[in-house]
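What follows is chain A paired twice: with chain B in the first complex and chain C in the second.
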Partner chain A sequence: MENPLITQPLFYVGPVPITSAVLVTWGIMACLTGFSVWMSGRLRTTPDGLQSAVELLVDTIDGQIRDTMNRDPEPYRALIGTIFVFVLISNWSSLIPGIEPPTAHLETDAALALIVFVATVIYGVQAQGVKDYLAGFADPSWVMIPLNIVEQITRTFSLIVRLFGNVMSGVFVIGIVLSLAGLFLPIPLMALDLLTGAVQAYIFAVLATVFIGSAVEGGHATAKPATKEPTQ
Partner chain B sequence: MTNDLVQAVSILAAALSVGFGALGPALAEGRAVAAAMEAIARQPEAAGTLSRTLFVGLAMIETTAIYALVVALLVLFANPFV
Partner chain C sequence: MSIDWWALGLQAINALVLVWILARYLFRPVSAIIAERKDAAQAELRRAAQAMEKAEAAKSAADAERAAFARELSDLQDKAQYEAEEIKRQMRLSAEQEAAQIRQDAAKAVDQMQKDARHQMGEEAATLAVQIARKLLTRLPQEAQVSEFSTGLAEALAALPDATRSRIGAKGPVAVRAPRALTPEETAKLRGDISGALERDVQVAITVDPSLIAGFELDAQTAKVRNHLAADLMQIKEELVRHA
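Right, the complex of A and B next:
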């Protein structure tokens, strides 16, 4: 059985090994960028079907950010939206025969979660200033400082493991069923994978929004109804 | 000889970790779905919001089982003692 934790390099560019996950990631990035550029070029005031669909997607992402953060979604739309669309397409890319979703490898998920972590710090410092942001770690009292630092690390780690485990287990189960049974038996499992992939992309984006929102609001969020932050 | 023993114990540990790790999330998901069903039966007009929240909550609960699966895979494929 293939080890899901190790990736085999396909070829080398100089000393750098290139795995299939990197290739698929590049492909998805190229498709997304190309589509976005092409779409921005053909925006009209009277939208056709495709433009309406894209506008609906952007509107939905905006609404979700606004609901979660109680803020204007404009500064966060690009990051959250890109994360959502990228993770969604990565999870669904397993439908194309021969392609393994890049999110089924630990490295891609680690990179995505690291982006979220760095963005949390940057948005927090931007909104509150370095001093207030750091003071937020000692929020109820200074006793909480180690716990708050540990929380930053563990929630990033759980972001990695959640996405990796869900997508990888889907790929793994389909591989096992395919080797045990015939050709058509994995199809219902693939349908389940579609659902899991969409839900995981949504959750990754929502959690990123919640993390950034809590960093931006800091300790001054007493008046607002606090969005309960999932700890695991 | 010891290596064989470690491998046998690893396989047993992987099976146990998935088995017991799936127990808790299964019970929890059952409770969550039951509560959501009851809420939808009381207020059918809120079904959209409820099912969306339910899906996110279920995925959160399921993560615990996924952690157990990841531990099992670590034990099987990345065991430091084999």
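Right, the complex of A and C next:
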């Protein structure tokens, strides 16, 4: 069994090493792109079962954003929705034999957390302006500036570590049980891994929504969003 | 543990690309179709509300029209009932008037019949009385049938206009009817009385007519002078009939 903390490149494109996480991500992207293009071509005013499921997903994401941020979900739907769908499918990709989920690698989680961090800054500046956004770091007092800056960084790290730890541990445990016991014994653990993957996708998306909502509302970490921040 | 910065960069780019792709081909079209359906549903709800308002308005109009019809029907019924009552009253009044007229006509007819009957009875009674009187008078003595009647005849002639009197007996004997054949004395007295009344001497031609009962009747071309009981009885009869 390979060490999940070490990434081995599968091949190189010029000087760029291509790891399994990148390759699986491309596969997931291809599937999602194909599905989206196919789905967008068959959207009807009177939906069928599949379209209803997709609409339910989009409507649920919109409802979550609206409940959390008390704002129109349209500007945030693509980012939050993509993070949720990608993390969910990545987590569940472990069910396919031989596929290691991209979120079980630190680089993927770090890239997603980095995007959330940058989006938080961009949305905050867009909503409040640069001056007010930066002034929010001195809320309630200038003494809090270092703590708020550190909190911005640590919560991003917490996003990374939470997702990475949960997914990687699941894959790791299943790998150990599979190598030690037999073929059918890890099935309950894989079912549990499905639940864990869904919960982690939800938590990652909701935390991203909370962080962005906090930046948009002002007050940064001290802001109180409509939905309580989930913990894991 | 080490960080593969190439992988981190590629995954960040992959994630951003995936955000763009899903936004372009999934979230935007799906949210657009949801919004379109919501708009269509809202439009349908608005149309339904408008249709309901129209239906309510139509129902109100129908109720008002039905109420108006009911009022009109009631008015018509009242009017028809009033007209029927009026016609009935008119018919009753007309019938009463007609009945009164019929009663009045019947009463008139009865009255006329009674009057006619009385008249007829009076006429019959007068006729009977005249016949009785005639029969009784036929039993008068012979001299009473002519005596003193010539004097009355002369007085009647004297009362005639002079022009009439002058033409009587101018062209021959004066025709005189008597109830019986006169004796020469009676004829002479008659001739004398007539000549005296005409103030000239005239001849008389006596004709016997028992229907006179008693008295004389002078029959000239220009006048008739009666002084006999048959004429009196006829006059009495006419008076009796007229006053019956």
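Note that the second predicted complex is superposed on the first by the 217 of 232 C-alpha atoms of A that agree within 3 Å, B and C clash if a C-alpha of one lies under 4 Å from a C-alpha of the other, contacts with A are read in each partner's own complex, and residues count from 1 in each chain.
In the analysis below, a contact is a pair of C-beta atoms (placed from the backbone, for glycine too) under 8 Å apart; a residue touches a chain by one contact, two chains touch by 3 or more.
This one's a predicted model, so the numbers in the text were calculated from it and none came from an experiment.
Undergrad: Scan A:Asn166 for contacts with chain B and chain C and give back first, second, both or neither.
TA: first
Undergrad: Contacts for A:Ala111 in the overlay, against chain B (first) and chain C (second): which applies, first, second, both or neither?
TA: Only chain C; A:Ala111 stays clear of chain B.
Undergrad: Just checking: does A:Ser158 make contact with chain B only, chain C only, both, or neither of them? Give me first, second, both or neither.
TA: first
Undergrad: Return first, second, both or neither, reflecting whether A:Val206 touches chain B, chain C, both chains, or no partner chain.
TA: Once the two structures are laid over each other on A, A:Val206 reaches chain B alone.
Undergrad: Mind working out whether A:Asp132 is in touch with chain B, chain C, both or neither, as first, second, both or neither?
TA: In the superposition, A:Asp132 contacts neither chain B nor chain C.
Undergrad: Return first, second, both or neither, reflecting whether A:Pro17 touches chain B, chain C, both chains, or no partner chain.
TA: The answer is second: A:Pro17 touches chain C but not chain B.
Undergrad: Would you mind checking which one, chain B or chain C, touches more residues on chain A?
TA: Tallying touched residues of chain A, the top partner is C.
Undergrad: Answer with first, second, both or neither: which of chain B and chain C does A:Trp26 touch in the superposed model?
TA: Once the two structures are laid over each other on A, A:Trp26 reaches chain C alone.
Undergrad: Kindly classify A:Asp59 by the partners it touches after superposition: chain B alone (first), chain C alone (second), both, or neither?
TA: Second partner only.
Undergrad: By the touch definition above, which chain A residues appear in both interfaces, chain B in one complex and chain C in the other?
TA: 5-6
Undergrad: Sort out for me which residues of chain A touch chain C in the complex.
TA: 5-7, 9, 16-19, 21-22, 25-26, 29, 32-33, 35-37, 39-40, 43-45, 47, 51, 54-55, 58-59, 62, 74, 77-79, 81-83, 85-86, 102, 105-108, 110-112, 114-115
Undergrad: In their complex, what parts of chain B are in touch with chain A?
TA: Its residues touching chain A are 55-56, 59-60, 62-64, 66-67, 69-70, 73-74, 77-78.
Undergrad: Any idea which chain C residues touch chain A in the complex?
TA: Residues of chain C touching chain A: 1-4, 6-12, 14-31, 33-34, 36-37, 40.
Undergrad: Show me the residue ranges of chain A that touch chain B in the complex, using the header's touch definition.
TA: Where chain A meets chain B, its residues are 3-6, 158, 161-162, 164-166, 169, 199-200, 202-203, 206, 230, 232.
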